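A, B, C and D are the chain letters, set down in written order, and residue numbers restart from 1 in every chain.
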Amino acid sequence: MAFNAQAAGVYVIAATPFHSDGRIDTASIDRLTDFYIESGATGLTALGVMGEAPKLDAEESLALVRQMVRRAGKVPVVVGVTSPGFAPMRALARGAMEAGAAGVMIAPPNTLRTDDQIVAYFAQAREAIGDDVPFALQDYPLGFSVVMTPQVICRIVTENPSCVMLKLEDWPGLEKISAMRALEQSGRMRAVSILTGNGGIFVDFELERGANGAMTGYAFPDMLAELVRLSAAGERDRAHDLFDAHLPLMRYEQQPGVGLAVRKYILCRRGVLASDAQRKPASVLSAAGRAEVDYLLARLARVDARARLG
Amino acid sequence: MAFNAQAAGVYVIAATPFHSDGRIDTASIDRLTDFYIESGATGLTALGVMGEAPKLDAEESLALVRQMVRRAGKVPVVVGVTSPGFAPMRALARGAMEAGAAGVMIAPPNTLRTDDQIVAYFAQAREAIGDDVPFALQDYPLGFSVVMTPQVICRIVTENPSCVMLKLEDWPGLEKISAMRALEQSGRMRAVSILTGNGGIFVDFELERGANGAMTGYAFPDMLAELVRLSAAGERDRAHDLFDAHLPLMRYEQQPGVGLAVRKYILCRRGVLASDAQRKPASVLSAAGRAEVDYLLARLARVDARARLG
Amino acid sequence: MAFNAQAAGVYVIAATPFHSDGRIDTASIDRLTDFYIESGATGLTALGVMGEAPKLDAEESLALVRQMVRRAGKVPVVVGVTSPGFAPMRALARGAMEAGAAGVMIAPPNTLRTDDQIVAYFAQAREAIGDDVPFALQDYPLGFSVVMTPQVICRIVTENPSCVMLKLEDWPGLEKISAMRALEQSGRMRAVSILTGNGGIFVDFELERGANGAMTGYAFPDMLAELVRLSAAGERDRAHDLFDAHLPLMRYEQQPGVGLAVRKYILCRRGVLASDAQRKPASVLSAAGRAEVDYLLARLARVDARARLG
Amino acid sequence: MAFNAQAAGVYVIAATPFHSDGRIDTASIDRLTDFYIESGATGLTALGVMGEAPKLDAEESLALVRQMVRRAGKVPVVVGVTSPGFAPMRALARGAMEAGAAGVMIAPPNTLRTDDQIVAYFAQAREAIGDDVPFALQDYPLGFSVVMTPQVICRIVTENPSCVMLKLEDWPGLEKISAMRALEQSGRMRAVSILTGNGGIFVDFELERGANGAMTGYAFPDMLAELVRLSAAGERDRAHDLFDAHLPLMRYEQQPGVGLAVRKYILCRRGVLASDAQRKPASVLSAAGRAEVDYLLARLARVDARARLG
């Protein structure tokens, strides 16, 4: 297991555990790390930008990375270093690498518009963090309002040898995976690992289109790991059966904002987190929402023992 | 069946049929209208803004409305009149009403920002189309970049007696339905019909939260109609079983851009459309995409006979 | 005077005159057209997108074009045909050309993001209006949120022989003019006319950088015409003296929204418009605002007799 | 001189001096601070968000604040603490206050849309930095895509007693100043200081509408200080004469991106900065641009001795 262009499987976007008073829950970090690895994670992603990374200050961020890296052992930890400026990006990236991270992940600022602006941004980002830091390029137009064509991604990969992974969560994204793989096969682009996001709700077909795996935070990473195995083994129908059973819940957890509350609530119910608290500004799962999640879990439990919770 | 604040059931966003050379396929309009009504539609929505409405000129738009209204008989037809200016909005709205439409639907322009701007816009729109034209307010932040709080919707409903329906496709939207119903129950807002969109992928819980039905273009409107009946009858588990069976396909069809190609492809396979052609600019379903849809249909056909296609 | 790649001078963005009750003021259209031509306009632009074009319906738009074309005689009239769909764009463009317009102007929809999307859009637009309709490409990122690099503009000009003019109102835009001219001089791009906008507030240097003139609606088009003449004659200091005297007012008139109210107020004070009414939604010049404009006019009148108003 | 609701005059947005190799030029920080104070600044703003603040890491930011505060003596220093997350915002705000800053300035993230979201954001920001830290609210829709109505600003001011200043750079902004002052005078809003931005290009009328002064980085802060004095003394014509003489250059310096290059170039020519270097990503003033600035300075020098540079 390494963070490089051959990386595959499930990189779990790690939640950040908090106590109800807003302090970081360090005990839960260890338990969460263990849980992810026991679930079959081939990598962990700390400080994801759509998670609660911006709610941590610089010191807390590095402390979290240090703890997770130590606990994860041989499992590579990738650190989100997206930032409005290159100086804080560099500081976090260098600090994370010194702490033992395997690499970093960078998303573009939502002010970029033209192809050239996007390409230039990643060249500057790579220069800022240093050529020796492998990085994943995060392509998430719905979240960042930056649209990258396959050609633009190809230019970024080509200009930046340390770009080893594409986190692809464009929507729709299936044709984009095919387009990226076609660029590779025609020799116009160096091969990189492609992991997909969007809460996993297209991972069934994404794997068939050529993705190496998923990078997402769905509260059943063990299911994602099994799905990747089934798909790799050519067990198409069984893979879809498993996926379809989880889709109603995955869809519910993928909702912007409240999705994080759903995720933490399930991780609590699974006994991994001590609290589903978020730092402010927090999204809240209403009583009606909790009841809906419970209902979805109960339905899922009929076919997947992992959802049989106490 | 009438287009008013008690409207319920399934309003189908009607596709616009084209020949492969770009001409409107008028024969298919009749067949499509019949199909929707046989599927249990309680209303039809013509010229939806996310469909191909902008690809029709003013004359074609009115001709399509006239034909659909005539064919639909007693089933009300609502016409999308969203426009960058109030003069063309008025012209289309008045023309549609003269042609026998039951009302219109209006979405906000993506330049609106503040609460007051949004409220003022709908007051001006209502004045433009005339107080005698009932209208549905379309709340679709993902598509229009305009975010309306429940309070803003309440102000619009209160200021505009001719606003009879809320097409709610905020994402997430479940809590918003609950909030709108709470405003009604507390007497702070007049009751309006709430129909939901977003391709139907949350309609299972939306009905339970208080929605009166769905307004969407999913290629199995007959399933949506059955789902509304099951939900209204309190058959919760059966409703979710039906919904869950369709969710993998609904999710696929909900993809922006390519989703319309998926929808037209399925309507062709169901024998309703003669061609899945779109006017330019058209989205395209690749061979791989078609195979994926076929696979999803085959899986669905195991549990829903409607998906057993020739 | 013709609308082609050699077009130069001042194309005035024509205001649309209304009576206070919202009807179009046809008498003022003639007077306004005469005024623009007497002011030295080498062309007129009807139905500018940031003006009140969206407030006219299809019939009114064509009627206005017909009247202005007839009145303008040999002076070419360019018609804004920007539209959310290609069918209404085509209908207006064909109708305008039949009415004697010299060409059309097209701005991109604010949903375009990537270079390829922008290039594809203009190819489709050209196909929609027909290869025989000369058009101006409007590059106005502040208004349309679409950013076009010089390379993208070069691709559009190259792919579309009927693109004869670039209305350049990027901000900042001086280096872009230089970049476009450099692309021409190196033979990589066919020459097109470059007219500048942004209310004229950079026209002093834009002319020096290579623009052929201005296309804007400043209420002193006679000053703009004089400025173009001075600049072309190499009278640099005199050109800047004239420009600097007008800049305080130009800046005031360039404000979004209220700027149109300022412009119409001044055109009233100059005796050209009978009313400064706008169709709804209208911007309003407050009493304080009117007093500020009057003060600026009085200051301007000390050095420019054109501002000495009754 | 203090940073409170009575603050008036000129708060200069301080440039951040760099050596050509990207290191911070600490010697120039002192010289720049002295220059601003000698120019009549009543306050300084460090780490402005549209400047190069994001290019500094956390340590550099605090070091710069410490140095500037020490050098500024009794002149209050306000520190921009805008951040994508509340934890880094808090860390910088607390650090800045410990270093002797007089307060902070906060701009909203460009993802906020509804009135309630904006109001909630500032309540959370105030809670994050602490009730004891006075802050300026930055209202700059063109830069941040967040539009605040006067009512929203009123709510923020009312809910947050530590909000002492409004940096108003809406465009247009004159009516907004009048609206804010009317809210105060009617007793519906506590009085706050209103300083204006936008590069100063409306400061002539902004002062007359009720602004207490300007907060901007124009390279002639001495002229701004004189303008505030003239306006306060009722010398309206002399104030406008001075303003009009500078407007051609102010407009040039207000251009997005390249404006910072213009500003640093002029500060070099005035002998304040040793280098006009920017940290990457840097905007560049071309040879043609420099010649244009030189020409504008030469023209200005005819009437303002401050522009007579060696």
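FYI, a residue touches a chain if its C-beta (ideal position, glycine included) is under 8 Å from a C-beta of that chain, and two chains touch if they have at least 3 such contacts.
In this text, all values refer to a predicted model and were calculated from it rather than measured experimentally.
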Numbering shared by both copies at the subunit D-subunit B contact, with half separating same from different: same
Distance-maximising chain from subunit A - centres being C-alpha averages: C
Mean-CA-position distance for subunit C and subunit B (Å): 38
Mean-CA-position distance for subunit D and subunit B (Å): 48
For subunit A paired with subunit B, centre-to-centre distance based on mean C-alpha positions, whole Å: 33
Residues of subunit D whose C-beta touches two or more other chains: none
Subunit A-facing residues of subunit B, complex: 171-172, 174-175, 178, 201-202, 204-205, 208-209, 240, 243-244, 247-248, 251, 255-259, 286, 288-289, 292, 299
Touching residues (chain side subunit A, partner subunit C) in the complex: 113-117, 141, 146-149, 151-152
Contacting residues of subunit A [partner subunit D, same complex]: 53-60, 83-88, 90-91, 110, 120-121, 124, 127-128, 279-281
